[in-house]
Every structure is written in structure tokens, then in C-alpha cells.
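Shared chain: chain A. Partners: chain B in the first complex, chain C in the second.
Showing the complex of A and B:
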């Protein structure tokens, strides 16, 4: 990326990416708002019930007042515009249920989710790395077959069921660990294992194939002919070359990881963003729902864009527009 | 996909090498045999089970596996094995419905984006990207939850979050096919767009689409069960596998079989479909596959 031409490419590519990102974020906000706008049920009544939990029915004047306050009588695009402009200026609204800013509720729940996700990710990646390294050491061996079988089962395993099985065995039967709730590190063990199992399975599959690919590369044969030991080839070259594509794939699976976290949190009745989302949906706390769904999409989109950029920087064959220079013969638009 | 390779003959790619035909026919034979066995077992189950999946039998609650109730009974005394049989109709059948609808939407959007010029491509793909930006299950939970938990809303939600993969695949394949000689020739001969799409583009997209479709099908089973397990999907008393797990969760300590067998059913169903999908992908994209020139 030193000549002025590729510098130009870089700028145009980045601008294009950012433009596409802006489009997508706009679309995302529109879709999210549409879902809550067309939700059945009287929103004013939902807000009133949240504000005055002890009251059974409300006078029409009160409901009308709430509708005025939240501009619920305005047409779709006016409401969308009002919401979006407030959102962009950093005012994410207050929770219907507690009248606390959704941002504060979000922050107080985020740590729980982040802890679980990161623990599971690290644990899963370590397992996946060892498993695939052992598998690729001798392809077709018993260890390899075990790794493949584990990856297949892990991909098909409903993680809520795995969670229940773990609770059944370790909490109910052996009584070693607490089953439900949050708080101590002991509460983290079973949920983290549940989520880590999925990470292990999906990443073993990928890492294994990347390592096999790296092992079959021509330069490995050259090294072998030069008399470099198998051990050194494996640890110094094959493993390292498999890591780059694997790292980007992990990023691409962030969505699945987020989904997994939500389900695991609910299975183990843990606090966190997943439980917060489910609770907000049940109480029809629309500002909270809007914020959480937008947040999940935001994390996913931004991470993916970052990964694409990193991928392009790492891969010299790619231009910044994400196309293979060498292979653009028949596949692209003129 | 290596479809981009030049085809100088200007003809459709030769799909039939000899080894490949043998591979495919063996696969089809094995698949047919497997389906036949499964079909016999399931039909037999439906015909011979003396129990009803919904009617409670309060005298026989939470009984363990026995000769009468192979997988035991649940908290309302219903036969778990029978419920799993009927649950398969819900889980697998609904997943099939959702995936097929999702594929249909995706194919239409993808073909339109890939075939009708830059403007259509840009706008349709931005819409696709926007939908794609939501983690699938989080979006599905939200849509199904906000609309109100019911089977219809769950199906709607899952279709809404699952069509984009198909659109992206179809678009990229359609674009790469648009410059192949046989498509260019067809266009020069004055064939209308829909006929080109129908006769030349779609058949060449078919195999890849089938692989993705199989993948999406098994994912859908997991999503349906997941949503139902969280209470946003199929509602009791219906015997969906995820909903059964939710029931079983409360009686886990005293009667673990109520929760073990439905989970096993999900695992096996998803695993089987995944394995079929993997094999299909190998046949289509592998070293002897349809698209290896």
C-alpha cells in the first residue's frame, strides 16, 4: 500500500465501506423501529401500567395524556424521526418499567454478559486449538475422528439442552455447583462450559480444516526437503498459518456467540443482557427492546466491518474493495 | 465456488463425469434407504401408539420409562414417546416450511439483485445487509415476542430473519453466471429475462442452493426449539420438542426423562440433516463435484 494508486484504492474502499455501513445502520434502525411500531396492543396502556403498577384501569384522559407525551398519535415517520434524532443525540430514552434511562440499565447488566461471553470464548478457543492440533498431527487417527465427531455433535447440540444436562448432572446429582442464578464464580462455571462447548465444536471444525490446508501447502514440502523436522514444521509454520484465517472466522461468528449467550443466560436464569431482553419483551418495555436489539446489530455490523478491513490488510492479494485481483476474470461485473 | 473458470466451448459445464455419477447415485441410494427406514419407524409409531399426544392422564404422571411408556410420561401423564413422534411433525415440518419460504424470498431477491442491473443490486443488497445485521435468534425472539408468542408469529419471525443468506448466495452466483457464454448467447438470441433466469441461471444455482437449504433447515429446527423453549414459539399443550424441554425443565430432578428424550430427538434430527448436508456439499463442491472444472 505504498504507491499513490493503492493509496487511492484504500481511500475509496474505506469511504465505500463507511457509506455501506451508514446505509445498513439506517436500515437497521428503520427495521427495529417498524417492529415496535406495529406491535399489537395499546402502548399508552403499557406505559400507564408500568408507571402505576397498582392501578387496574385508566381513565381515557390519562391515556390520552400519555399519548401526547410520547407523541403516539403522530404518523409513523414523524415518530421515527423524533425517536431517531433523540437517539442520535445520545438520548436513548427511559425504560417504561422503571423510568430509569435504558443506558444505565444496560451498563449495569453488560458486565455479566461480557464475563460469560469472554470466559466461554477463551475456554472454547483453547480447547479447539488443542483438539484440532492433535487431530491434524495425524489425519485419520483416532484423535482426528474424535475431533470431527465432537465438532459434528457440537454443531447439532441445542445449547439449552446441554445446559440442562449439565445442571442435572453437576448441580442436581453431584451437588458440586449451583444451578441457577448469578453472583459467585461458581455460578459462572456451568454456563461458561455450555457456551464454550459450542465454541469448541465450531472452531475445531474450522481450525482443523485450516490446519490441514496449511499442512498441504507446497512450502511445507520444501521445508521437509530441506530437512526441517516435522515437529518444527508443525509448530512454527502450520499452526501459525492456520491462525490468521481462523481468527477472522471467529469474528464472523460473533452473531452466533451473542445468540448462544442469550439462550444460555436464560437457561441458567443468569442476569445479563439476554435476560434483560427477554424480560423487556414480556413487559413490552419498548425503549429497552429498541436499544438492546439495535445494540446487538451494531456490535455485529461494526465487528464484521473491522474484520473485513483487517482481512484485507492481511491478505496482499486483495484490494480494498474485497475482490481478488487475480481471480476477477469472469466473476465480476464489468 | 470455482464457477468462474473459463469455459471456452461456450456450453453448459459438463456435469457428468463417470465417477461423479457413481458417487451421486450411491448417495441417493443411501439417502433413500435411510429415509425408508425412518419412514417405516415413524409411520409404525403413529399407527401403533395407543396414546394421544395432548390428552392428560393424571393417574400416570411422571412415570419413568417402562414397557408401556418407552420414554416414560410427562407431568400431565402423557406418553413422552408419542409426544416426540408428534413433536417431530412440528419441529421438522415447521422448519421445512420456514426454510422453504425463506429460500423462496431469498431466491427472488437474489435473482432480481443479480440480474436487473446496478441500481436494483445496490438497493436490494442494502436491504439484505440491513436484515442481515441482526443476530438471527435475537431478532426472532424480539419479533415473535413483540407480536405475541404464538406459532404463527414464530414462523413469521423466523422467515423474516432467514431469507438473507439465500439472497446473498443467489445474487453472487447469478452475477458470476451472467457473463458465462451460454447466458450471453441466450441474451443475444433475444430470450426474455425471466426465461434466461428460469432456464439458464436457476438450474446452475440449484445444487448450491440445495446445500444451503439443507443447512438452513437444520438451523431452523434449532431455532424453533430454542424459541419454544424460551416460551416465544409453539405454545403448550402442543408437543414441540423445545416446548417439551421447557415442560421437562421444571421436573428435572424427579423425572429427568421428560427432558432428556426431547433433547436427544433435537440432537439426532439436526445431526442427521447436517450430515446429509455435508455429504451433499462434498458431492457438489468437492474434488469430483459438480462445480469442479
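Showing the complex of A and C:
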């Protein structure tokens, strides 16, 4: 009986979540479509420029042909409805620039971005963890100051500049690594370091403060009085407490990493979703832009949901879908 | 319980990581040892994985890459040259006989015939075919193609068009055979298409049976590096042998130090202001002329392109364009003359605030440009400063290209700084008849000059190049006098090689790049 009740709550909760997700995506699609619709300039000319990038002028017949093809003479809501109904039926449209289906372009670029972001994230988090752990072990020590300094430098240094510096040193001067491109693990090293440095910088500052906060909590003193070793206090308690808020920030960082890939992929002339988005915006390839913006929104929403689930696992006080449990037990949780 | 969950989470993460790294195992087509491979950094990559040269503007890349060829070519002095056609003649105002070069082979080894050429051109109008191109179809205006014999074709156009042969130099007017799985693009050029990665890479290999002789390189890999600084570093690192669009400041430094294998040549790409002449302050011709006289074009080139990336414009076509440039014209910097001209026209600063007045009001012009070409913004900024020197206030901003056009058309702005290839197909008609002929769609100036309109019509109707030259000479003169367009500078392409590149030459319309002569010294 109890199982079926909790299963029901889980179902209601999940349905609520999915409903919220659909609402967010609908809102994003409407806003993005509105922005592209009201973007200055003739949209037919924009499509013509995407198709024929080396041409500045187009005959009126060519532009009229494009208007017919994309129903550009229709009012806003008709155009939005047409686009949305196609989108929902799985037809994401073709790129204006290449006429290749948007989905195919997306799939062929996703793997490279996944490789880059995952590598950078793992690398950056490992470094951030070690740096903040060393820093917190003895606050105010030389190691702590070093970690804080490194984090500040990382936060202040733009990806673009760091990327160029790395190319200059490791590719142009030392000739150890390729300056650009993809294909071999060696191609991944410099872009991953560039992106990871940013993760390390932002996470070290946060992890350090979360750990310091956890370390200063009154229960730590109680544990000490009970004779628990410092090592155990740190690894079993401090770290675990620091992990809960850190996870939220890491989740947000993953989403921001997608933004970071735009610059890094362009600097290192890698393919991927970041450079694809930048290229699409420059050529005003609207179907591609709409798809990528919706994808980013989806990633943000899914990541936020995942963070809540993982936080649940780590912190027994928090419950994903907790509102429903609380509601069913007849009141707000303390 | 928690540990088990964490373990599964770690396993999932490791799985994702493994998937991501599996992606790394895909290696690009590596050049075989002992073979000559040229690696080139280009600014823009292919638009799809099998870019049919006839569709959209794919032809520009495949033409530059030496994969596809046209019937007629453009020489390095912008004159018409036989290419796949051995000879061509005008039979009547709407008929052109083209004799094919004998012994030309396609990449699949078959000999090119007149029927192949006809079939290739017909695909342009077939909707759904990868080579479908409505823009090219309109440009060529072909009514019918008659195969007279294996080597001869008769092109019949819908309307008389003296520019027809020039339009055959358009890289999209390429001759191709239907592709196969093994050979997705079957052209006739010195190099065979191997593969393309969208916006990234274009790879080719040698075509030993090329009609112009055996190419010297085995492979060519063209990588799209949109950031010129990265391209320069890639050259330094030895990752590429040649950078076609090198950053101008670095080029100037290499030139000063006498280092590097430098290539530079002016192109037909013109940076110019389109001016609102129909209404507003710039309807005043003296004011337009004073602005042109007040522009120190050499300083603009020095400041926005390090003095190496451009050449001061004297008219709409560069002096190197032997076929059509009116070399007797000049656009000189003469601030004293500009001031005298303004004073004479009664455009003076009467209230002593440093700004001249027109019809009792301080002159304040709105100047716009757009992002996309690095030199546009500094050119706009320097122009603003130069106008200030003349006592003319200018408000500048970067906006969107088409939005600027609409604003100019509505008279909301006064000048729009742009960059256009003035003769992409070698014919002089395109640029003036698109921008300054009365009532045409891109005449956002609202400019109208019956003499110029008549000359443009005569230029299009005449089939005698000498007569045409005299018309276009006068057209260039009228533009310099009336200034509905104020030319600023012609872009110079700067390229740098690793010291081993041989047989490379910059084409003024950027139409060609890989030729049979291109080589890499040992």
C-alpha cells in the first residue's frame, strides 16, 4: 500500500517536472522565435546571404522566391505555428547555409563538444578538488594563498587569451602539440586545458569556501571531542557537507561550459556545438540557431533536475519531489 | 546504499568518458609517407560534406581548390581566358558558340563531351538536384543549349546579354558529371575531391590525367581557420604550409623585418560608402565632394590595415584590373580644397561651435557599417575623425547589413560603409548596375542620373569590348564626380608561406588558388 502511494507521488512529481520542462522549452522557443522574427533587416535577404555568402546583392525575384519558400509573408503567429508544429513532429528544418537537416549537423558536432567538455570538466574538477583541499587543510598557509591566487588569475583571464598563449608556447615555440584542429588525443590537450583552467578557477574558490564553512560547523568540534581523527572528519563529514552546495555550482558550471566551448572551439578551430552556434549566428542561419538555443535550454533544465536528484542522494534532509511528499503528509516540512 | 548509488554514478560517468574518448580514435585521412601534401589555412570552410560546386556558392571553394572548372576563366589581369572552352564566339545577340577543349577528362577517366556540358548546365534548373541553383540560372539566363557536335555547343540566351561569356566565369557554372559513392564530385580540375567536413576541412588528391599536365602535389588539405591569429601561429608551429588570409599587422612586421615568404596583391574587393543622395544633407553635391576630398585614404589603410592590407581607391575598379579600370581617375586627399568647396557652397560655421551649417542647421551625419570584416569598424572611426576636421559632425554605429540598407533607403542614415567584390565575374556591369542605376533594388542612395543610366544600357547592349570600355570609363568618371558611392580602398589579400610554397599567386577576384603549378619544395 505504502509502495503504491509513494509510486503515485513519484509519478505525480515526475509529471509535474516534465510539465514544467515543457513550459520552459515552450517559453524559450517563443522568445527565441520572436527575437529572430523581429531581428532587424529583411529575413529573406538574411537567408539569401546565408545561402550565397560571397554575394552582396540579390535580385527581387530571388528574394521573393525565398519568401514563398519559407512563408515569410505570413503573419507572426502563422509562422510560429508552422515552425512549432514541424519542430514537434521531429522536422527541425534544414540549415539555410547548407540545406543539410539541422539534426544531422547537430549530431555530427555533438561528439566533439561532449569530448571537450567532459575532459575539461573532469580535469578541472580534479585540480579544483586538490587545490581547495590543500588550501583548507591549513587556511592562510602558503598553499592556501597559492590556490586563491591561481583561482583569481583563472577567473580574470579570458579563455581566448589563455588559448592563444598556450598555442604560442606549446605549438609555435616548443612544437609539442598541434596548434588547432581535431582528430588525435594530442589535439584535445590545449583546448581541454584552456577550458579546465576556467573550471578549476571557479570551483576552487567555491569549494574552498564551502569546505571552510563545513569545517567551522559546531558538529566538527563535537566529532573532535569524540576522538574522531582529523582525516575522517575531513573525508567523511566536511567533504560530504561541502559537496551538497558544490554540486549545484558544478551543475551550473557544466551549463556555462557550453558557453565556454564557443570561444575555445573557435580559437582552436575545432568543430563542435560552440563553433556551430557562433557560425550560425554570424550567417543568421535561423533554423540552426533556434535548435541550438532550445538544446541549451533543455540541457540547463535537465542539469538542474539532475542536481536536485543527486543532492537528494547526498543530503537526506532534502527530497526531490519533496513538496508532494510533504503535501501528502499533511504539512510543510520544517 | 549510498555507496552503491555513487558507484553506479561513477560507472555511468566512466562510460560517458569512454564514449567521448572513442571519438578521438577517428583519425583524419593521414597523408602517406613520401607523398607531397600541402596544408593550407583558409578563412572559410565548406558548407556541407559533399558541396556540389553548382549549388549556392560552393563553386568558389571547389574552384579555388582546383576540383571544378568553368568553360571560361578569368586571368590574373581580369581578362577573359579560355578554360574548358577552347574558343567562343558571338553568333547573334542571343547566341553564343562555344568550342570545347579537346581531350579534357573527368575525374572518373571519361572524356568530356558537349553532351556532358549540356547535362551539367541543365542540372542547375532541376529542383531537388544537389546542383540546383536558381540564382545562377537567372544570372546565365539560358533559353536552350544545342549540342552541335561532340566538341561544340550553342548557348541560346533568353535576352541579349553582352555579359553572357563573363557570367560563364562564375565558379558555380562548373562542368560536372553525376557523382558516385566512390567519387562524390566528378569535376575536371587538377585535383580530385576526397572529403569535406562542414566549416572545417576540404581534402583533395592529385588527378594525374589533368588536361593541363600532371599536378605536382599528391594531396592538398585546406583547413578553415577563421581566426587569423591562430592561422599565423599554426604556420609558425609548422601545422600548415600556407596561410591565405594572414593578419595584416603581423604581415607588416614580417615585411619590415624582411622575413617570411610573403604574397600580397590588390583584389577587386572595394570598401566604399553608399551615400543617401535623394534627400537629407548629402543631397548637396558639394558636401559629398568635400567629404571625399577630406578622406585621407592612405592614412585609413595605414591605420585599419597596417598599411599592407589595402590600396587607396581612385575609382570603383582597382588600377590592376587591366580590362576595365579607368586609370586616368584619382580621388585625392585635399582638405584645403574641401574647405574651399564648402565655403563656396555657403556651408560654413557661422556660430563658431566648430560645426558647419547647412540650411541654418549644424551638419550631423549618421554613418553605419556592419560586423564581419575587421577593417570596417576602424575605417568608420577614422572617417568620423576626418569629417570632424572638416567641421562635419558624424555619429557612427555598427549595425546589421540589411538593416543599414533599409535605413539608408528610408533616409534615416546618410552613409553606409560596405565591402563588395566589384567585379566577381570580371564584367564591369555588375557593380554600377546593381548600386547606382535608377530604380534598381540596391540603389538605396535614391540616386538617379539619366546619362549614367543610358551608358549602362549601352554597355549591356554593346558586344564590342572597346566600345564598352569607353562607356564604363565614363561611368567611373560620373561616379567619382557625383559620388553616390565614395570609394575608400581596395582590399589587398596578404598570404604567407613557409618558404617552400611554389607556384602560388593571388587572384584579384579571389577566384583561383590551387593551380596545376602549385608545389611544395623539398
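Throughout what follows, the second predicted complex is superposed on the first by the 254 of 334 C-alpha atoms of A that agree within 3 Å, B and C clash if a C-alpha of one lies under 4 Å from a C-alpha of the other, contacts with A are read in each partner's own complex, and residues count from 1 in each chain.
As a convention for this text, a residue touches a chain if its C-beta (ideal position, glycine included) is under 8 Å from a C-beta of that chain, and two chains touch if they have at least 3 such contacts.
Everything numeric here is computed off the predicted structure, so don't read it as measured data.
Visitor: Is A:20 touching the first partner chain B, the second partner chain C, both, or neither of them?
Guide: first
Visitor: Regarding the shared-chain residue A:153, is it in contact with chain B (first), chain C (second), both, or neither?
Guide: first
Visitor: Would you check which partner chain A:165 touches, where first means chain B only, second means chain C only, and both and neither mean what they say?
Guide: After superposing on A, A:165 lies in contact with chain B but is clear of chain C.
Visitor: I'd like to know which partner A:266 touches here: chain B for first, chain C for second, both or neither.
Guide: both
Visitor: Touching A:51 in the superposition: chain B (first), chain C (second), both, neither?
Guide: After superposing on A, A:51 lies in contact with chain C but is clear of chain B.
Visitor: In the overlaid three-chain picture, which partner chain does A:181 touch, first (chain B) or second (chain C), both, or neither?
Guide: A:181 contacts chain C only, not chain B.
Visitor: Please indicate which partner A:39 is in contact with in the superposed arrangement: first for chain B, second for chain C, both, or neither.
Guide: A:39: touches chain B and chain C.
Visitor: I'd like to know which partner A:253 touches here: chain B for first, chain C for second, both or neither.
Guide: So A:253 meets neither chain B nor chain C here.
Visitor: Look at A:213 in the shared chain and tell me whether it touches chain B only, chain C only, both, or neither; answer first, second, both or neither.
Guide: A:213 sits against neither chain B nor chain C.
Visitor: Shared contact residues on chain A for chain B and chain C?
Guide: Shared contact residues on chain A: 39-41, 164, 167-168, 172, 266-267, 282.
Visitor: Sort out for me which residues of chain B touch chain A in the complex.
Guide: Residues of chain B touching chain A: 3-6, 118, 126-127, 129-131, 133-139, 141-143, 145-148, 175-176, 178-180, 218, 222, 225-226, 229-230, 232, 242, 245, 248-249, 252-253, 256, 259-260, 263, 266-268, 270-271, 274-275.
Visitor: Flag every residue of chain A that touches chain C in the complex, lowest number first.
Guide: For chain A paired with chain C, touching residues are 39-42, 45-46, 49, 51-62, 65, 97-100, 105, 108, 111-112, 114-115, 118-119, 122, 164, 167-168, 171-172, 175, 178-185, 188, 266-269, 271, 275-276, 279, 282, 310, 313-314.
Visitor: What residues of chain C sit close enough to touch chain A in their complex?
Guide: Residue positions touching the partner: 2, 5-6, 9, 16-17, 19-21, 23-24, 26-28, 44, 47-49, 51, 55-57, 60, 134-135, 138, 197-200, 223-227, 229-230, 233-234, 236-239, 372, 399-403, 405-406, 418, 420-421, 424, 434-435, 441-442.
Visitor: Can you name the residues of chain A that touch chain B in the complex?
Guide: Residues 20, 23-28, 30-31, 35-36, 39-41, 152-153, 155-158, 160-161, 164-165, 167-168, 172, 255-256, 258-259, 262-263, 266-267, 277-278, 281-282, 284, 289, 293, 296-297, 300-301, 327, 329-334 of chain A touch chain B in their complex.
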